[in-house]
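Residue numbering begins at 1 within each chain, and the chains themselves are lettered A, B, C and D in the order written.
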Amino acid sequence: MQTDFILNAAKAIQQAIVANENALESLDRAIGDGDHYLNMKRGANAIIDIQPALATLTPDAALQQIGLKLLSTIGGASGPLLASFFMSMAKTIKENGDDSISKIAASFAAGVEAIRQRGKADLGEKTMLDVLIPVSNQFVLLAAQHCDSKLICATLIDTAEQGMLATKDLIATKGRAAGLGERAIGHIDPGAKSCQLMIVAVCKLV
Amino acid sequence: MKKFITKIDDMLVDSLNGFATAHADLVNLHLDPHFITRKNKSANKVAVISGGGSGHEPLHSGYIGYGMLDAACPGHVFTSPTPDQMLAAAEAVHADKGILFIVKNYAGDVMNFEMAAEMLPFEHATVLTSDDVAVTNSTYTTGRRGVAGTMIVEKCIGSLAETGASLQACKALGDKVNSRTASMGVALTSCTVPAAGRPTFDIDDNELEMGVGIHGEPGRRREAMREADVIVKDLVAAILEDLESVHLKAFDINSGETSEALLMINGFGATPLMELYLLYNLAAKLFNQHGLQISRSLVGNYTTALDMAGASITICLLDDEIKQHWDSPVHTSALRWGR
Amino acid sequence: MKKFITKIDDMLVDSLNGFATAHADLVNLHLDPHFITRKNKSANKVAVISGGGSGHEPLHSGYIGYGMLDAACPGHVFTSPTPDQMLAAAEAVHADKGILFIVKNYAGDVMNFEMAAEMLPFEHATVLTSDDVAVTNSTYTTGRRGVAGTMIVEKCIGSLAETGASLQACKALGDKVNSRTASMGVALTSCTVPAAGRPTFDIDDNELEMGVGIHGEPGRRREAMREADVIVKDLVAAILEDLESVHLKAFDINSGETSEALLMINGFGATPLMELYLLYNLAAKLFNQHGLQISRSLVGNYTTALDMAGASITICLLDDEIKQHWDSPVHTSALRWGR
Amino acid sequence: MQTDFILNAAKAIQQAIVANENALESLDRAIGDGDHYLNMKRGANAIIDIQPALATLTPDAALQQIGLKLLSTIGGASGPLLASFFMSMAKTIKENGDDSISKIAASFAAGVEAIRQRGKADLGEKTMLDVLIPVSNQFVLLAAQHCDSKLICATLIDTAEQGMLATKDLIATKGRAAGLGERAIGHIDPGAKSCQLMIVAVCKLV
């Protein structure tokens, strides 16, 4: 993985977020407090702002800086979670390298695991993890099978979409929607939606 | 949306600047990262720091000063602040007795403060406030939200910290006050987050949201609008049920026992004082009938949700220790007595 | 209209009962006729009494207590109280040094207090407040309205009265403070009088009412909604123009002279504190540029118009005497410091 | 004039006020503070409530009690003004009697004069006086000419209506609407409207 790819991914993510303003905003208005789009946009824009500095870094250092930047700009629940993701991914890459798809998949999985630990949530709680855990599992599996990276990406796009859509029928037990009980049913989780958007954006670059 | 704003992206800083200028005798403002510190802080005390999304003013910045907070970290509107803010604030106000974070129990606030705490080079502890009985505790959820009762926790901890008490003692008092505090709110209208530009939720002219959160999160249920006495009855019942479940004691005048309590009617931002006092009148009577003797009262906008119309009722069960720390002098921009 | 009301006809009394219960340490409530008196009043002082339509809370009842009012007479919502209320209040609080009425300059308030004064068996005087610069004085009209500045007049008179000063001295100070006080307000929404059940005036989503009165009376002009900095510029300009015309002095930083002033940003009821501080920031800067040194500040809901969104800006030109009486201890439910 | 007539007039006035809720409310919303209807209704109802007590009194005493009752129930600008009217009328009748239409007209004029003094207003200031002064003048004039009371009443109804309508084109210089300047033009004064309604109600009883 090259720093260039990370920068392109950041740009693609920023565009995907901004292009989905209405969806993200209305989902968080429905079962949250309405700021998820604003939070994600603030974070994505902040990364665009530091691109020149990131460009000079190794991939792991760039991911670490992205994590720190998100940590200090997003706030809310998504801020520390996404920051933990990138900081953990950075650490794994720094330790094990990123010279194979398997290693990249492992670092992605480490990132998702960091979110799980930070948020003390798991699959089926109507959070971003309902997208990230299946994607992470699939990614690791396919990478171990030495699948073609384009095929992996196509599969992950599907997995992310399924995970995102599946949150619709769930009751939330973590995050702000946890207070809603049955009333959360029928609404897609905003964090799951934004994670799906980000995964699609990055996979399409491959 | 009509609001007093010059440029939406500058709104928070413009407002913080106004706050700091208006209360230059009490506070200092620091920007990038944003935090507000207390002027004339006594040396050698636990540094008490709170913070949270903006839009709940006077919470928390309005409670900085003698006998209450040493610093507050304001996040964007309804968005928890970030760890760099708490770290910088802690650096600015620590004084050898450790740092106490007071955090409202929301996933975002908890995680951001947690990450700050992990990076903190000082002894520290955290009190999580969780007074909102609208969201019932369960082993599956992250637990109840912290709402208007947070201010009572801040007042009591601030008072004890002022005496030079230890970090452990301050944390213990905070946890105790929180465990004896129960709130529930009702919204008549939504609030509008400035950057979003439109109401967070839709609500009809003949509806109310029972158990609403202070960010306009949906509550227990959407109901038809009713008379104030019926609304208050439901709120009071929910609070009493919770207090009874926690304290294993029926609050019933017939039991012969009475408990002393503080009653706060908190406006969410757009409800006139006239209506808040009307709610107080109804709530006080009902609690009295249930054996609660209301000996301390607070009516006004103490923990708001921007421009939401609605109010919450909070009961804090008093004991001698809590009473002492509630009554002790406090000098902040939003709460002041005794000096 | 959605409001916390049990029965519309009982609303005022329900609310008064809540107020009196919540602040039983400070006040006594009397019904039929309705008035509220101060507890623990020092003997041998001028009795300071104010009153006006309800719906402006905390004005006036919130300002009863040590160092401020001895009694307040609440009328129906936005309707001045009646002479029997003032007579009964005067009877209850008079103490050999005479009665001072503080009356906002509205035809109704003036006439009702006037009739009460004519029937009063005690020495008495009246201070009329008229700080609203939106309505220009002219020989043909009844003059300017009393708005948020009234509270500053009440604070200063209350302080002087507490020292045992004479009726004449209290009246003179009140008149002086009033003459040095100027306010102007802007509304973003109407208010809704509960008994009327619908907004007092219609206003579009892209309009504001410049110079609105605290009962939702139309102001100087209806304008397009604009950025806060532009709105504040207009309000500040109107206030400065008025102060200059009365005090024959250009407030201009270039003149080298500065005047000390109190700046109050008053919310009308539904405007979040965050926005009020933003207004403060803008107003303080502009006044500074014009040679006013803001040495006292007040930001919050002090004179409201029920649930109106909007705010007013008030300047009071300080001198040593006014400063002394502003700073002196006060202990009321809505304003408290120094004790 | 008999106390009975006063009681009937009070009832007719109360009905006229309540029947014109919308008109009175919207006029005061347009150029005042929206409470004029509520004030007038409160006052009118209060008089109905004390009818049994009033029935035992002489006309002048009844008028005096009505004045006092209005003074303690209406509030606002209209309260002391209308109270002054009835109290002054009562005083004049007590001193001079009411045994002729001229004397009644004189007492009415004394009442209007009391309003003028209390409110320091005059004709043309867009207040209730724009109805009351012309009606009072006309009443005194016609009574001096020994006109038939039915004819007088018919004329006064016309005069009241003209005075009321004339307020539409005026700028207000007294009362709450005085702040409005040009913006008051085009709206009938609420106090003028309620006075016209009361005059019509009473005249129709004769």
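The rule is short, and it goes like this: contacts are C-beta pairs under 8 Å (C-beta built on N, C-alpha and C of every residue); 3 or more make two chains touch, one makes a residue touch a chain.
The structure displayed is predicted, hence computed values, not measured ones.
Visitor: Farthest chain from chain A, going by the mean of C-alpha atoms per chain?
Guide: Farthest from chain A by mean C-alpha position: D.
Visitor: Calculate how many whole Å lie between the centre of chain A and the centre of chain D, each centre taken as the average of the chain's C-alpha atoms.
Guide: 75
Visitor: From the C-alpha centre of chain B to that of chain D, how far is it in Å?
Guide: Distance between chain centres, rounded to whole Å: 54 Å.
Visitor: Just how far, in Å, is the C-alpha centre of chain B from the one of chain A?
Guide: It comes to 32 Å between the two C-alpha centres.
Visitor: Give the residues of chain D touching no fewer than two other chains, as numbers and ranges.
Guide: Within chain D, no residue contacts more than one other chain.
Visitor: Give the residues of chain B that touch two or more other chains, as numbers and ranges in rising order.
Guide: Correct list: 77.
Visitor: Looking at which chains touch which, would you call it a line, ring, star, complete or other?
Guide: Contact pattern: an open line, chains touching in sequence.
Visitor: Pairwise, which chains touch?
Guide: Those chain pairs which touch are A-B, B-C, C-D.
Visitor: Quick one: which bits of chain B touch chain C in the complex? Just the residue numbers, please.
Guide: Of all residues in chain B, those touching chain C are 2-7, 11-12, 14-19, 21-23, 54-55, 57-58, 62, 77, 188-189, 205-206, 208, 225, 227-229, 231, 263, 265, 269-282, 284, 297-299, 301, 304, 306-307, 309, 311, 336-339.
Visitor: Can you name the residues of chain C that touch chain D in the complex?
Guide: By the definition above, chain C touches chain D via 33, 53, 75-84, 106-108, 111-112, 114-115, 134-135, 138, 140-142, 145, 193, 195-196, 200-201, 211, 213, 215-219.
Visitor: Please name which positions on chain D make contact with chain C in the complex.
Guide: So the residues of chain D touching chain C come out as 25, 29-35, 37-39, 42, 71-81, 83-84, 118-120, 125, 173-180, 183.
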